[in-house]
Every structure is written in structure tokens, then in C-alpha cells.
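Next up is a structure, given as C-alpha cells.
As written, the chain order gives the labels A, B, C and D, with residue 1 at the start of each chain.
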Amino acid sequence: MSVLVDRDTRLVVTGLTGREGTFHGLNNRRYGTEVVAGVTPGKAGQDVEGIPIFDTVHDAVEQAGANTAMVFVPPRFAADSILEAADAGVQTIVAITEGIPAHDMLRVYTHLRRGTTRLIGPNCPGVLSPGKANVGIIPASFFSEGNVGIVSRSGTLTYQIGYEIAQRGFGNSSIVGIGGDPIVGSDFIDVISLFQADDETELIVMCGEIGGDAEERTADFVADNVTKPVVGYIAGFTAPPGKTMGHAGAIVSGSKGTAAAKAQALEAKGVRVGRTPTEVAAIAVEILGGVRT
Amino acid sequence: MSVLVDRDTRLVVTGLTGREGTFHGLNNRRYGTEVVAGVTPGKAGQDVEGIPIFDTVHDAVEQAGANTAMVFVPPRFAADSILEAADAGVQTIVAITEGIPAHDMLRVYTHLRRGTTRLIGPNCPGVLSPGKANVGIIPASFFSEGNVGIVSRSGTLTYQIGYEIAQRGFGNSSIVGIGGDPIVGSDFIDVISLFQADDETELIVMCGEIGGDAEERTADFVADNVTKPVVGYIAGFTAPPGKTMGHAGAIVSGSKGTAAAKAQALEAKGVRVGRTPTEVAAIAVEILGGVRT
Amino acid sequence: MDLLEYQGKQLFARHGVPVPDGAPASSVEEAVQRARELGFPCVVKAQVQIGGRGKAGGIKVANSVEEAEEHARAILGMDIRGHTVHEVWIERASDIAAEYYASIVFDRSAKAPLLMLSTRGGMDIEAVAEEDPAAIARLHVDPLLGFQDFHARRLCFAAGVDADVVRPVGALLARLYDAFVAEEAMLVEVNPLIVTGERDVVALDAKVTLDGNALFRHPDNAKLRDPAGDDPQERMAKERGLTYVKLDGDVGILGNGAGLVMSTLDVVAQAGGRPANFLDAGGGSKAEAIVDAVEVILSDAKVKAVLFNIFGGITRCDEVARGLIEAFAQVKPTVPFVVRLNGTNEEEGRALLAEADLPNVTVEATMDGAAERVVELAA
Amino acid sequence: MDLLEYQGKQLFARHGVPVPDGAPASSVEEAVQRARELGFPCVVKAQVQIGGRGKAGGIKVANSVEEAEEHARAILGMDIRGHTVHEVWIERASDIAAEYYASIVFDRSAKAPLLMLSTRGGMDIEAVAEEDPAAIARLHVDPLLGFQDFHARRLCFAAGVDADVVRPVGALLARLYDAFVAEEAMLVEVNPLIVTGERDVVALDAKVTLDGNALFRHPDNAKLRDPAGDDPQERMAKERGLTYVKLDGDVGILGNGAGLVMSTLDVVAQAGGRPANFLDAGGGSKAEAIVDAVEVILSDAKVKAVLFNIFGGITRCDEVARGLIEAFAQVKPTVPFVVRLNGTNEEEGRALLAEADLPNVTVEATMDGAAERVVELAA
């Protein structure tokens, strides 16, 4: 098992004909993901190395059986693309696009929460279920099948931690980048719930960062609902208040959203928190029973 | 039993301090309805013959335990009043107001359908459950407890039919006016489902009228889901096409929405349709086993 | 409330929907002046709320001042299927490369705005809908989420709009939706929506129906209400705030509540009578409203007898009786009245009528009985 | 992006939020001229993006031309906690009967706009929130349904707004919400929101934060971005499209991805170093971006060593290596560099660096090792 994407994933990529869309769409296909369609309005009938292009996501769903969408269009078109995919009945949407206006996402989030579509991202690296499917831009070569689920607000930091765990001989059920924007479609709680229900996952790593209160709310949720071990990491202990640290959502406002407060909240609920990516890997491996060779 | 309003109803009336609001609110209380609050912004602390007035519906729910709201405010304020009642957690809202703009109701309807609040009306006479509670403007004195459920798009026509049935010795579980506007909160199907599930109701009378396709959709629903006998009536056989007959809803366009087409649709699904209010009463009484004396 | 074509186009223009340049005129002189200003060729279009103006000779192209004058003279005052032309709209002639159809309807069944787009515009869209339903692309818009760009793309690709105008047609649909919502319309329709030789997309016609209940928020639209096209009785009723529809029989009918009045018409028809009108005196009718209603009903000379069918809820039967007594005092009707009163304060109402002992007024106990009686009296 | 008070007031005014008459000025002469036009008494207010201006002497009432000149001279150029005053806002003095507080915050936790209203305005609202949380009425608005009249009533009654101004305060909240949505703000705050002696309700201050990601839809707002207040390095980075935050240490840091860069700062700090900056070279960093980044980092004279921490996803390690080689050719840095490359094309990247054999560049295999090494080198 795994979460969100697997061998049943039939992917449509919006923006497949763009430079980055083509690069990562084909990359995902090379990994083994069933990339069944691309969408670029006005280019129906064309193809990208054999992947058929449609004018609308609806056509991709009806004619190519897409059930998952990866959104790779520029920020000003991304909210519309997400809404289109949801309207077309796609069940899982992974939005990679960075820089989507916050009010757009407010409307998209509110609308999607009233339906059954699950959104991952935006401003996220996507979801990798090693050995099964890769939807997004996570460099898959470092990761192998295994029993550690990773959920993270950050992209490269996730690779770093996943990589450190892999170095110690462990693999991953799924690696889920939920994104670093103020409003993301799914938060830690949503993804940890999936990992909790997933047979393959034995341990969950969550990588948070400064800003908002998602980590604090997750601490309460884990204490009440999660029986699997959870290891935490929080980036941004060195961040000064009032400065946005790269991600639109990574900002300490006044005394709120500091890394220290988040780590404390998690530890108060029994979640062990590593102070560096290396320490996170070490704790995870310790819980899993030592380094595998 | 009965539907929508009964002895557990705790009513808040928005617009209670207005002339009509006072008249009908007190009338409802005289009938035995628990009228626990009125809402008029800025008049908190006052009362209408002992019924306390609050500034907001939220206060009426929190401080007086209201669970049902009757909306009696002028059309330009009515949509807001309905939304306020839903936001305050009221479970049943009966909107009497006539002349609410259609786009207001479009937003209200869409919003409410995503929650659990049930709206009856607007532009409706309300709901009477004889012997239990009266919420609205239905003249209760003609009706007694019994086993006929009535649902109607029209007010006075409902009284007429209920009255004719009463003349023959039968009473009503509940009489529900769903309203004659293009968008109403609950349609025939919603209310007939309630009657189907209600122990006391043995026969259902539905009074439709020209315009829209609610009666046609109801015919299909009844055939598939309703085991209790349903007797129909449709007003407007004499209406010429393209003329608005009072209700914005009663607009005939071409053949669709005519009284003849509606009666035919119901009869095709086994619903007997009376051609006059008197005939409806006669059919109902025949099914129920003859006149009671 | 239906707008004239030019009022609809002016409304469109306020929301950025492209329309041809034009100006209204209500006299030949004015029309010629407007045509001069716009240049030639221009089109003189009769402004009436009915379709088929072209076939009836109500739309003419003018290539010169002389032709503009000739057409304006012919069209102003023309009768198009019962509608007299009081105004024309002079508009710059368009170079038409393709004719599409676009509309947004307030769909009460789906409880959402319904958008329709077809490349088979310029003709009777109902005929297209019947013979080739697939030629009309349709979709609903979530009223809270509103119109999204993808709606435009879906409609354009489904309708088979020319590839080079997908964007401008989509943009026009977005503006049209803005207009539909902002102006609280029940219908906005563009037929034809044209593509010009220069590949511009323009609304060449405009049919707009506004929600009368929302006019309090749109004072400028409220001013457009033109009672000139109404039947004289209907105009009189409207001025008095009554819901009145003129029919062609001889039994005047007044009731309270649209459903009951409709039912009363049906029962009178079943009793062999021909209703002269629909008149809903409304909820909570006061005595003055009843006087007004009697005046409106009797202003129709064909009326030979009048039926009052009242079932009191908000309406109180005593108020209706008082109104009828007052109406007799003021109007002194010469035709017989049949009155049936049930509901709130029915006894007081009947007592008042008994006391007043109005000439030619019969009180009946049932609706069917009252209908039969009034049909007899009108015979 | 934060607006100055007067920019916020001008934005408010566009949406019908009442604000006092006023005008900005950037010289003493201009300030005097504006004061003359507005009349006396008027207020001279320093325009800086920091609170506590009043206490710092940045807000003064002028009763005459002389006083206006005196105050403008004192305030223009003043330093308020590190912010130099380049502009003043001259505004007609208001007659204050009551001071309220109102704000709308983009609440990322509830995923909805959060409205707050209090009658304890004019002071530090965070202090009020701590000592008497009930003094601030709060509620969330459904983003799709939008602000409703009942929201205004609930807030006003809960906050205890004077009965006679419930309507105008409610109307102001509705306009403020319009502004929040239409301008795509992350925060709009009015403190104080005053009631005047004549019972008018006016926004006496304005704090507005806009969403930088949405500025493409608001070209007029985008123009308000004033780089003058920025740190010189941050300004330079912004011009080059880099995400850079200046800190006060001596270890320059470049990474790809905000999370990884934050983590790198933390690891450097844990190794005993003091980061000089946050610099996210972003996803898919190209060689030119790396050259720009190196220039920005080295423009901070305090930097004694630089750490490159790259984990390639979209970013390709060979591109980063190429950028670093190019940067050395162009900038010729004199401080040591530590480079750690993992991920996409890491081998090609390391091979390029080995081949180039740059002076003073150490390649490390792990993030922790690289952090320790750079801290040693900066010591």
C-alpha cells in the first residue's frame, strides 16, 4: 500500500506542453506512473511523446480515464486549473505551481472541502510512492519502497530527510509534500490520517516549519488519533520575526508560529522532534530497530 | 408524529416587533407553539407580550434555546435573516416573506444545501401540525389532528383543499406550504420524504401549479420511493402561455410546465390527480375509506 | 421585466460586453440625425419586445441619409404582432463572418445559472434545440463559486467555436455572467453573437429579463420599466400594485393567493364559464386594495359578472367585505357579484355583507357553488 | 507587501471606507502648502511602516502655517526605530468622541477571513487581547458566501458599539471587507476607528498588507512597492528576483527550497556559526541566478565564508556548479566557499567543480559536515 498515488493512478498533467510540464511529466512516466493525458486548451489532438493532449480536463477524464491531476500551469491560471480538475471529477489533485494568490486558494479550498476531491499543494513537490508512482518533482532515485511515511511543508528539506533515512537502509511508503503556502489543500492531519490507515506505513515523519499553527494542531491530533510512531522536525529556529522565509506561509508573526513553540507543542504530546535532518533520521531508525544493511 | 414543527419546536421570530410579525407570532403562540424569542436589532431587552427580543438570532439560540426560526422581515432583509438563522444553528427555518430577489435565494439555497439546516419557503404560508404547533400564517382553526399530510406551492389553495378534507371528517398530520418562488428551500420531494417517514401520515396530498418541473420530478420520485398513497392537484389549466400569474414561478414556456403536462406526468406514475379542490378531497377520502362523521 | 434590445445593449456595455455603436431614436428626425452621426451603412431596428422583427420588416439597412429617413418613417409606428413601435435603435452595420448564440438562464430546476453556447446562432434557437440538441453546449455554474475561465473553455470547445476566437468568446461569456449576476437578471440572451470579418466578437442582439423583485437595488433599471406596451387594464392594475392578467372571457375574478386564483379560473372554466381575468388581491389585502381591484376588473367592458373567492389567512374576510362595501359605494357596479368567504374572520365578513345588503351580491358557501352561480349570472 | 498609512487610506477611500481628507508631502514646502489647503487644525503624520509613531514624536497637530512648517521640518528625515521618514501625510484634524478598533485578517488556520471589532481602540490591541480577550469581538466569514449584514450586527452588538452608530460601523465593516477581497489583502486594520462628535464613523489610521502574489492583478498597487525602506542587499536581491533575507551573522548561505535553507541556517547555528542571510535560489535555479546570488551574498561585507547547500529536485546540480564557476570568473570572491551537492545530476555537478578546481572551494558530502566546515572557515 501507500497513500494518494499508486499503480491505479491515471495521471493527467495540466500544462504538460510547457517546458517544465513536459520535463517532469515525462520524468513521472519514466518512473512508471501511468501518465494518460495532458491538457492544453487549443492543442487537442496533439501529443507529447505519445501522451495525448486534450482541450479540457473533462475530456481527459472521459476519453483517457484520468483519475489524478498534476497542475503545472503558471500561478495566474492555477486556481482555475484546480477547479476544472475537481469539476471534471478527478479525485486527487497535486498542484506544483508556486505563487498562487492567497485569495484564489481561499476560494478553491473552501469549494473543494465541500466535495470529495483531495488537493495536495499548491507550492509543493508532489507525492512519491516508491516503486509505484511519482506525481510531481520529487527526485525519485534516492528513495526505495519501505515503511516510513513522510509528510512535509517543504520540498528539498523532504528530500534531505528522506535521503538520510534511505542512507540508513530504510524506504518509504509515500513521501508527501503538502506545500509551503498559507492555504494548502491538505494539511499534516489529513495526510497523517492516511498514513495511519495505510498498512505499509509503520512510522511517520512530519517536517514542519515556522508560521501558522498547523504543527500545533497536528500535535493534538496525533495524541488523540495516531497509534503509529511520529517523528517531527521543524525548520526555522534561526528565523527572525516578521520576515517571510521563502515560503509565503513561513513567517513568524509576533510571538506566534515560532519553531520553538511548535517543537514544544509536539514534544508535549509525545512526538519526538529532531533538531537537524540527521537527528530526525537517527530517531526514526532507532524506533524502527536500528540501521539496516 | 408530524413533520417539521411539533411540540419540541422552540420558535424565534425575526421581525416579531413588526405589525405582521407581532400579529402572526402571537397567533402562533396562542395556538400552542412555543414562541421563545423575537429578533429585532437594537431592541434587545424589550419584549412582545412577554416574548423576549434579542439583537441577533445567535443570542436567541444561546439564551432562549430557539431551534426553529420564522422569518417575517421585509424582502430586502430576508436573505440575510435566513443566513443568520442558519449560521446561528437553527435547524428549521420557515420564511414567510414574499418578494425576495431570486439571486439572493440562489445564494441562500446553495449555501444552505451544503449544511444541515432545512428551509421552508420563502413566499410560503408556513407549516401547521394540528394540535402541536403552527409556524406561519395558516389559519389553524379549520384543521384538526389526523393522518393526511398536505404539501403545496400555494397558500390559500392549501387552506381550501385542507378545508375540504376537514369537511369530510379527516384531519392532518402536517400542512406544509413550500412556497411559490422560483427557488424555494425545500421542494415536494423533500417534504414527501418526510411524510413517507412519518408514522402518523397515511396519505399525502400535493398541490402543484404551472411553471418549472418540480411536479414532474416529484412524479418520478414518488414512483420509486413512496409507498403511501399520493393524491395530486395542479392549478392553472386555464393559464395562457407566457403570462406571469402572480408568482414569478408560474411562468409557462411552451408546452413544458403546463398544468396538463404536470397532471399527465403524475398520472403516468400512478398518482391520482383531482381536477378541482373538491375532487381532490373526494379522492383522498375515497382512498382513506369514506367520509367520517 | 423585459428590456428592449437597446436597453439590453446599454446594460451589456456597462459590463464590458462588446456591442455595436448605436443610439435610440423616437422620431424620424432624431433617427436621421443619429444615422448621420454613426455613418453608413447603418441599421434601423424596431424596438419591440417580440421576436421575428426582421421578417416583419422591422430591421432595415440604410446606406444613405435618404434610406435612413425612409426606413425610420416606415418602422416607427409600425405594428409588429400587436406591438406598436415607439422607438428605433440606429446602429452601425456589422460585417458578419459567423453567427453564434449565447445565453444565461436562471435555471430554477437545477437552482443554478445555466449557460448555453452554440455556433448555430442567428436563427430560432428553440428549433435548433429540438432538431439537434447537441449543437447547443450547456453547463451550470455554481452560484457561490461563480463563473470560472474553465467554464468558458468547456463551452467554446464543446460548441466548436472557431479556434481563433475561443479567447474573446470566453471573455464575452465572463462579462455576460458579470452582467447576469450584477444586474440580477433572469435571462440574458445574445442571438446572434457575431464574429466580424476582422474576427472581433460582438453582441448583435440583446434580450434581457430582469428580476422585478430586485429592482429596489437597481434604480436605473427600474426606470426602464415601460408601461406603454401593456394592456390598459394591466397597466392600471400595475399602477395600483395589483397582480392582474387580462384574459378574454366575461367572468371577472378576484381571489387571494396566486394558487387559489388559478384554481378559481379552472373551476369557473369547468363550470362552463370563461374567465375575464386573473386578479390576485394578495396576502393581507386591505379594503382600499379591494376597491382598486374592483375598479380594475370592471374597467374591462366585457365583464358580465364578478366572482370573489377568498380564503382568509393573512387576508381577513372582514377587510375584504369592507372593501367590497366601499367599492360599491364608490364604483356603483351594474353587474352581479358572487362572494365566497372562508378563513380568518369569515363570520365578521359575512355579517358585514349581510348588514350592508348590497344590491346584486350573492354570498355562496363553497367554491364550486360560487363558480356555478357566477357562470349562470354571466350567461 | 505593507502599505504606508496614507496609501492604505487612499485604498480604503476607493472602496467607500470613510477617511479624513488629507494629502501626502515629501518636502517641508509641500507639507505647508497641503496644510494651507486643508485648513487648521491639521495633523502632520510621519509615514513609516512601524507602530508607535505618536510616542516617537512622529504625529503632531498644527494650528497654524507656522506650526505646520515646524512639525514638517521636525518629522521629515526623522528616524523612527530604524525607519527614516521620507514622507508625511497632512490630514484635517478630527473631533474624536470614541476610539474603536476594526480589522480583517487572512486567517490561515481557519482558512477564512477573520473579522475583529473592539470598542477599546486607539491603543495597543495586542495588550487588550491579552488582558481582556472578551473586549474584542471576532468572527469568521465564509469566503464563498462573503460578508453578510448579520456579520456586522453580530460584531457590533458583541463589541458593545454605541447603539446610534451600529449602522455606520456595520456599513464601514462591509466596505472594509470589499476592500480586503477586491484588493486581495492579507490584513486590513483600522486603529483607531473613530466616532466623531457629530457621530460620523471614520478610519483614522490604516494598516494594509497586500498579497505580493496577487499584484499582477493590481498594477496600481504594485506601483506602491517602495524599495527605499529596504535594506540595500534585500533591494538588490529583489531586483534580481531572488528570495533573500538579511540576518546579522557572517556565514553567507545559499540553498534551494525555503525549507532546506531554513534548516541550513539552523544547522549552521547549531554548529556555532551565525548566518548572514537566508537565500533561496529557488526551484530550477539556472547558472545566471547563481551568479546573481553570489553577488548579493558577497555585497554584505560582513560575510566571511559561504555555504552552498543544494539538494536537487527541479534544480540540477550541474547548473548550480556551472553558476558557481561563472560567479568565480565574474566576481572573484576572496572568502572561502563550502559546497554540498546532492540530488538531480549531482555527479555531473561534482565533476564540473573538480574540473574547474576553483580556489578556496571545499566540497563536502553531508549537510552537517558542510555546516561544520563553513563555521570553521568563518571563525
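Keep this in mind: a contact is a pair of C-beta atoms (placed from the backbone, for glycine too) under 8 Å apart; a residue touches a chain by one contact, two chains touch by 3 or more.
The model shown is predicted, which means the values in this text are computed figures rather than measured ones.
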With contacts counted as defined, which of the two, B-C or A-C, has more C-beta pairs across the interface? B-C
Between subunit B and subunit C, what's the gap in Å when you average each chain's C-alpha atoms? 28
Round to the nearest whole Å and give the separation of the Cα centres of subunit A and subunit C. 54
Any idea how many Å lie between the Cα centroids of subunit A and subunit B? 48
What residues in subunit B touch two or more of the other chains? 107, 111
Could you say which residues in subunit D touch two or more other chains, in rising order? 142, 144-145
Please classify the inter-chain touch graph. Allowed labels: line, ring, star, complete, other. other
Every chain pair in contact, whichever chains are involved: A-C, A-D, B-C, B-D, C-D
Which of the residues in subunit B end up touching subunit D in this complex? 41-42, 44, 55-59, 77, 80-81, 83-84, 87, 107, 111
With touch defined as at the start, can you tell me which subunit D residues reach subunit A in the complex? 106, 108-109, 111-113, 126, 142-144, 181, 184, 186, 211-214, 216-217, 243, 245, 247, 255-263, 265-270, 275, 278, 280, 283-284, 311-315, 342-344, 366-368
Given the complex, residues on subunit C that touch subunit A span 142, 144-145, 148-150, 153-154, 157, 163, 166
In the complex, go through subunit A and note every residue touching subunit D. 20, 24, 75-76, 98-104, 106-107, 109-111, 125, 137-139, 142, 152-160, 163, 180, 182-183, 207, 209-214, 217, 233, 235-240, 243-250, 254, 259, 275-278
The answer for subunit D against subunit C in the complex is residues 144-145
